[in-house]
Amino acid sequence: MRAYVLQVTQATLALLLAPGLVGLIRWMKARLQNRRGAPMWQPYAELRKLFQKEVIVSSNASWVFRAAPFLVFSSTVAVTLLVPILAVPLPFDRVGDLLVVVYLLLLGTFFLALAGLDVGSPFGGMGASREMTVAALAEPAIALAIFALALSAGSTNLGQIVARTLAHPGTALSPGHLLAFGALFVVTLAETGRLPIDNPATHLELTMIHEAMVLEYSGRYLALIEWAAATKLLIFFSLLGNLFIPWGVAVALTPATVAIAVFSLLAKFIVLAGTVAVLETRIAKLRLFRVPELLSVSFLLGLLAVTSSFLLR
Amino acid sequence: MTPEHLLLAVVFSYGTGALAAIVVGGAVGRGLVAGCALLAALSGVMLGVICLGAEHAPTVSAPFLPLTSFSLRIDGLSAFFLILIGIVGAAVSVYGFGYSAAYEGRYSLRLLGAMLNILLLSLSVQVMADNALTFLVAWEAMSLSAYLMVLTEHDRPGTLRAAHWYIAITHASFAALVGMFLLLSAGDLTTSFSAMRSALLTPGVRNAAFVLALLGFGAKAGIVPLHVWLPMAHPVAPSHVSALMSGVVIKMGIYGLVRVTIDLLVGGPSWWGGLVLGIGTVSALLGVLYALMEHDLKRLLAFHSVENIGIIFIGLGAGLLFQSYGLMTLATLSVVGGLYHTLNHACFKGLLFLGAGSVLHATGTRNMEELGGLVKRMPRTAFFFLVGACAISALPPLNGFASEWLVFQALLGGSAIPQAEVALIMPIAVAMLALTSGLAAACFVKAFGITFLAIPRTPVAERAHESPVSMQAGMLTLAVACVALGLAPFVIVPLLESSLAGLNGFTATTVVFTPALPLQVPGTFGQMSAPLLAVGLAVLLTLVPLALRILGADQRLRVGDTWGCGRIGQTPRMQYTATAFAEPLRRIFAELYRPTRDLSIDFHPASKYFVQSIEYRSEIHPWFERVLYGGLVLVIRTTARWVRRLQGGSLHLYLLYMALAFLVLLTVARWWR
Amino acid sequence: MGTFAVLLGPPLLAALLAGVVNPYRRFVGWANGLLSLLSVAAAVTLWRHVVAGQVLTSGSREFLRADALSTLLTLCVSVVAALAAWLGPGMGDDDGYDGAQARRFRIFGNLFAVTMLFAVTSNNLGFMWIAIEATTITSAMLIPLHVTKASVEASWKYILIGSIGIALAFGGTVLGYFDFVNLVGRHDEALNWTTLMASAPHLHPQVIQLAFIFILIGYGTKAGLAPMHTWLPDAHSEAPAALSAMMSGVLLAVALYAVIRWKIVVDAAIGTEFTNHLLIGMGLLSLIVAGFSLVIQRNYKRMLAYSSVEHTGLMCVGLALGPLGTFASMLHLLNHTVAKSMMFFLAGRVLHRYRTTEIAAVSGLLATMPWTGGLFAVGMLAVMGLPPFGLFMSEFALFRAGFVAGRPWLMGLVLALLTVAFVSIIGHLNRMLYGASAGGVPVGERPAWPLLPLGVCLTTLVVLGITLPTPLQTLLDRIVEVIGQ
Amino acid sequence: MDGMFSQLSVLGSSLVLIFGLILLWRRGVTAYIAAFRWQSIVLALVTAIVAYFAADHELYWVAGALLLLKGVVIPGLLKRMERRFPAERELDPYVNTATSLVVAGLLVLFGYAITRPLVALSQLPTRAGMPLAMGLVLVSLFVVISRKKALTQVVGFLMLENGLALLAILGTYGIPLIVELGVFLDVLMGFLVMQIFIYQIHETFESIDVEQLNHLRH
């Protein structure tokens, strides 16, 4: 019974931390660019404001436009129930593995793209087309990263992967794991719409992909979508953190280990957020037709990960 | 109800359906056709369900065919395919009742109705055939009835050419099958399957038989080099026929391949599995890539059939590969994954074609660039099409995801293969499969988005109306089937598994099913519970709006204009089109597509700087179609032109041929011995 | 002796009647039709006798003899002759032929039938040759029924190539007789097939091989085997439909019968290897030439002619594949006769309505003449060897025999050639059946009753496709015994 | 005795062959008809010789019929036809005279090679003439192929018949009488039909040049 409670707390914790994580990245980028930047909890304020605002829906839109925010949000929350953020042997672990996680996120993107098309504006169409292209090209890289992890762990089940890496610390430093980490990191940038692929901070139609799809949303719908995007970022960070550097993830469900797990989680988030912030200040956005080259780099990393784990088996 | 009674019921009601179609015309005729077909399809499903688990496979034989005799045997594999035919057949016949009403005056409804019943009958007989002659007769009857139905709208441009390509490639595959079966029967005159199973064949003959089977069944299934007829024939056929063809008829290629390679040839060397896996991967990728570029709704769906057949071939290929290495658990898993995807594809592809059919029925056009905004005018068809689109893009709660997940697990199991260089195929196949499913999702966002959402682009789309009830009923059955199959893999997989148990080498209990809901694949990799996932999503979908209401989020909602950078009017031309949607991918995969571009600008007579009109045309012709088929046709036509010159008209030439033949044979006879 | 009289008598009588009644009147046609039924009845009685195991002979010196092989051929000839009698010129009122032409058809058509019947029942190989030469003469008279540039050209080519071929066949008969004379000495029954068979094992190999070459080239010309097939497309595209039906349906079969008679003798003398190689070579050549000539074809009657060359080639290949192959090729002979004669009659009706043999000019056939068009389409599917019909069964039996006889590559090649032919024919068929019906072509089936016998032909094809009736099975087994001797 | 018989028969058959070769050498149709007439007469003579030496009375009937049919009737009809189409000379056949003579020579040699087993097998004194008969068959086949005029082709065909009849007589002292009569009847009927067609060709094409008969193609 305690496991189920922990599962739910883990999900609520993820939801609560997500906007903060985005705020943290923005704050760090501001500091790096010698700006004071908005405080870390700024996203929370934005969400609260949006939930109070009235929703304006385009006359062209159909029920798909209205249903999309709820679908995106609930699929992302479902993923937080599956991913090992704090502890490992959780009851919902049997419900879905890494493949289910990837495809649930694809479900969210699918409906978001449809909503973008539904309003009939060129921005929505452009955003949907580019988002689906990037999502499609990212798929092989994720698949290979999963294959590499599954090879060393013997299963695609998240819990088993974390447990196996904890049991055999040597595999964490094996070239397979490192290359898979690299591949998954590039994919994270692509999936969550971070800089080299998509610029989260702009509304310029040339550079925005994720923003273009949600241009028409307002009020509580926009809040839900922003929150879901933030949670998606958190999910990818926790995947990067816990699957590849699993130390700190609670194995026994005692208050002490859970506390350690929370602190190690926060530490990993800060490190990852820092790297992303530095990365986003250093490099400029890639032209859309250069993005496949970046994704083929990550595909190559994945392939090397798999071959190396094959040869070393 | 013993199997024999059910079998009689199936054959009898299809027969009466065909007869009724010819005898009775008009609405009553259509009603009878649909009724009989529905009754027969349902009894087919019951027959399948009964025989799926049965220990002994019931056999029926009748002294019909002259040379060998007409014998049927319903083992597990046939039972599974009977169910598949029944489900899609039922939906299509109900849908057909409403859809063919539009053909009343223009085309011969009698032929269409009769051929529909004969097609379904030959499909059912085909999967139960127990000797080569029955199989071949049913195969050709199936191809012929499908061909005649493709020809219903014969006055439209392109129908004759498409039908000709269809029957040409189908007959070539038929010739390959005749050769294969005779190679397999190796002298046994009854050509019965049981004799083939025990026949001792040299490896050379087995390989030849396998290659012929791959060619014959592959051409019918529509794998890449032989798929050319599929995007031509399916769009021109009436929609319920293309649903049946895409859903069931191309699956006969899958059934045949499984029956021959796994049952009759009892597995083979590992290059068999490798070849099938390779072909599957290439078909999946090329299928979806060419589907992306289509803006004819039914051609897009036809290319997707090629993609999904590729995925099924990946499952079968992995199964064969594992069988050759003796890893029976993985072999069963992958073949079960392939067959499960066959059933799923039959359902959601059938649903999508029926949806496209009602769009065609309502607007009269298949071109996505002329549609749009249909979700408000045809809400139920739109919903069904959306269910189909989510299923084919393998989104979690639906059936596409369940079978694709199984195929992924099978491929991930590839690491168990001892030889490293062979095991390396698996990750590449995984990557290609993932890319395919990603592109499929993109393609169906385009298909659903451009066709159904936003503003209607032409007055025709403006005046669209919801399709009649019978068509919706057809779509509803298949949609329910998709959702049910998606939610209950833990029921479907053991049934599939027992259908394979009959084939030697496949043990019965490899995929363990704990009473708990999750689908477990012990000893290998994954665990997933589709029902729990669906329940979770449903709970969240109700909880979130409730929470918003309770926590006092603002509930007001106002309808306004779409943001157009300050412009006042919102014209349909400002929307994204299908070609525009696919433009990024066309540019990325330009080397494959090699799009031809021609731009014609006629300038204003006054000066070079003013333009009267610009016409931009860009076409994509699959290059291998030009190379492979263009080459073949060229070779045949040049030989034909050369042979034609023999009959040149001059009597002296004719006499010269005769004299030369005479002299040559005289020398041969004189110095023969 | 009675059955032979009833077999050969009626056509002679009909020819005499047509000759006597100078201004042609329609009762001659009806009489001819009824008389032809008599010879069909005689053929059936022969069949019953053979099934019961007796071989009927006539006269003291076994002048006429009807064993299983001859009975099958008599059956085919009498049935097609009956069809030609009922559906030929001079029955309806406006079937495009005036009185004189109808009278000429009735005279020479019946003579043509008699000579063919005489050829297949005569025991004496010399008389067989005379009869087949007579068939050439009588059928040549009928080709230019409508005197046009094309029909004159076709008839001249037919008579010249045919006569030269037949002369060579006479050379073969002489050489066979020479071989026999050197062995046994001269006496009158020397050329009887039974006596020849009795002394066949001791015949001189070199001479009998030479004789068989003469026979194969000679009778091969009449059978339309490549490269001597060149007269066939011209003759069929110009001859009246009834004559083309008789020629394509049965004359080719009768010539093949003659080749088989001599093949049995040669096989008894030097074993089957020599003749099999020759037959496979000629058969394959016919398949190749006919298959590729069908690809670019603009005339539907020539298309049917080339299809006959193709099927004759297939029968030749079948004959060389051992007893199973012979069984299949004889069944194929029967199926092909029924199917091809039906097709030519239908082609005749289409020509009569559309006035042109160009495939491109005939469009919307299903719209203008639904029943003829339907029968034409289904018949064409039967000729191409699709399942529900008999031709598929015989072709499948043939392929099975090929694989059993250990010649998979040959069967593969034959399958490929048949597919090329199928694909081209179905293309031409589509162009004729569908599309807008040509302007000015009256719709409807004016003389509808001829469709009845053609429908009967189609049902026989379907029956032969579904089951093999036991009397036919025993007849074919007896033939395999005769040929396998 | 046999010596005289075989020498006479060989002389006769070589004469028959020589008349055949005239077709290749001369141009006018009248020459062809004369050659055919004399060839038939010599053939009848050879038959009579064989009948005399083999003391076979039936052969006398055959010789008489041969003389009547091929010596008198058919040449007469040919003459009548030739008068109807006077302008028809064999101007430029496909193969000029020199090459056709060389080809004829080669064909006769080929005939010799082919009939060697026949000669070896046969015990009859007349066996030496058989290669010449086979040579005539091949040469007349060549004539039919290389000449353009329909009339010449008919004469070539008749010579082919003569060659085969000669072969039958030399090889087997003639085939049984009934069959022989049937053969004569067929040859006559065949010739009559050809005659009718030649008149028809002349009517529709205004000339009996076979080269223009090439409308039916493919």
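A, B, C and D label the chains in the order they appear, each numbered from 1.
Operating definition for what follows: contacts are C-beta pairs under 8 Å (C-beta built on N, C-alpha and C of every residue); 3 or more make two chains touch, one makes a residue touch a chain.
Only a predicted model underlies this, so the values are computations on that prediction, with no experimental measurement involved.
A.B. asks: Where is the C-beta contact count highest, in terms of which two chains?
C.D. replies: Looking across every pairing, the one with the most contacts is A-B.
A.B. asks: Counting only Cα atoms for the centres, state how far chain C is from chain D in Å.
C.D. replies: Distance between chain centres, rounded to whole Å: 31 Å.
A.B. asks: Once you find the CA centre of chain B and the CA centre of chain D, what distance in Å lies between them?
C.D. replies: Centres of chain B and chain D (C-alpha means) sit 70 Å apart.
A.B. asks: Averaging over Cα atoms per chain, report the distance between chain A and chain D in Å.
C.D. replies: 101
A.B. asks: Could you tell me the distance, in whole angstrom, between the mean C-alpha positions of chain A and chain C?
C.D. replies: A distance of 79 Å separates the two centres.
A.B. asks: Would you pick out the residues of chain B that each touch at least 2 other chains?
C.D. replies: As it turns out, chain B has residues touching two or more other chains at 644, 647, 651, 655, 662, 666, 670.
A.B. asks: Touching two or more other chains, which residues of chain A qualify?
C.D. replies: There are none in chain A.
A.B. asks: Show the residues in chain D shared as contacts by 2 or more other chains, in ascending order.
C.D. replies: In chain D, residues 114, 117, 141, 144, 210, 213-216, 218 touch at least two other chains, as defined above.
A.B. asks: Okay, what are all the chain pairs that touch?
C.D. replies: All touching pairs, sorted by chain label, are A-B, B-C, B-D, C-D.
A.B. asks: Per the contact definition, I'd like the list of chain A residues that touch chain B in the complex.
C.D. replies: 51-60, 62-64, 70-71, 73-75, 77-78, 81, 92, 94-97, 99-100, 103-104, 106-107, 109-110, 113-114, 117-126, 128-130, 132-133, 135-140, 142-144, 146-147, 150-151, 154-157, 215-216, 219-220, 223-224, 288-289, 292, 299, 302-303, 306-307, 310-311, 313
A.B. asks: Give every residue of chain D touching chain C within the complex, in rising order.
C.D. replies: Residues of chain D touching chain C: 114, 117-118, 121-123, 137, 141, 144, 150, 153, 157, 160-161, 164, 167-168, 171-173, 175-179, 182-183, 185-186, 189-190, 193-194, 196-197, 200-201, 203-205, 210, 213-216, 218.
A.B. asks: Residue numbers of chain D touching chain B in their complex, please.
C.D. replies: The contact residues of chain D facing chain B are 94, 110, 113-114, 117, 141-142, 144-146, 148, 210-211, 213-218.
A.B. asks: What part of chain C is in contact with chain D in the complex they form?
C.D. replies: So the residues of chain C touching chain D come out as 124, 126-127, 130, 133-134, 136-137, 140-141, 144, 147-150, 152-157, 159-160, 163-164, 167, 170-171, 173-175, 177-179, 181-182, 186, 188, 190-191, 204, 206-207, 210, 233-234, 237-238, 293, 296-298, 302.
A.B. asks: Which of the residues in chain B end up touching chain C in this complex?
C.D. replies: Residues 63-67, 133, 136-137, 140-141, 144, 151, 154-155, 160, 163-164, 167-168, 171-172, 175, 178-179, 182-183, 185-187, 189, 191, 208, 636-637, 639-644, 646-647, 651, 653-655, 657-658, 660-662, 665-666, 668-670, 672-673.
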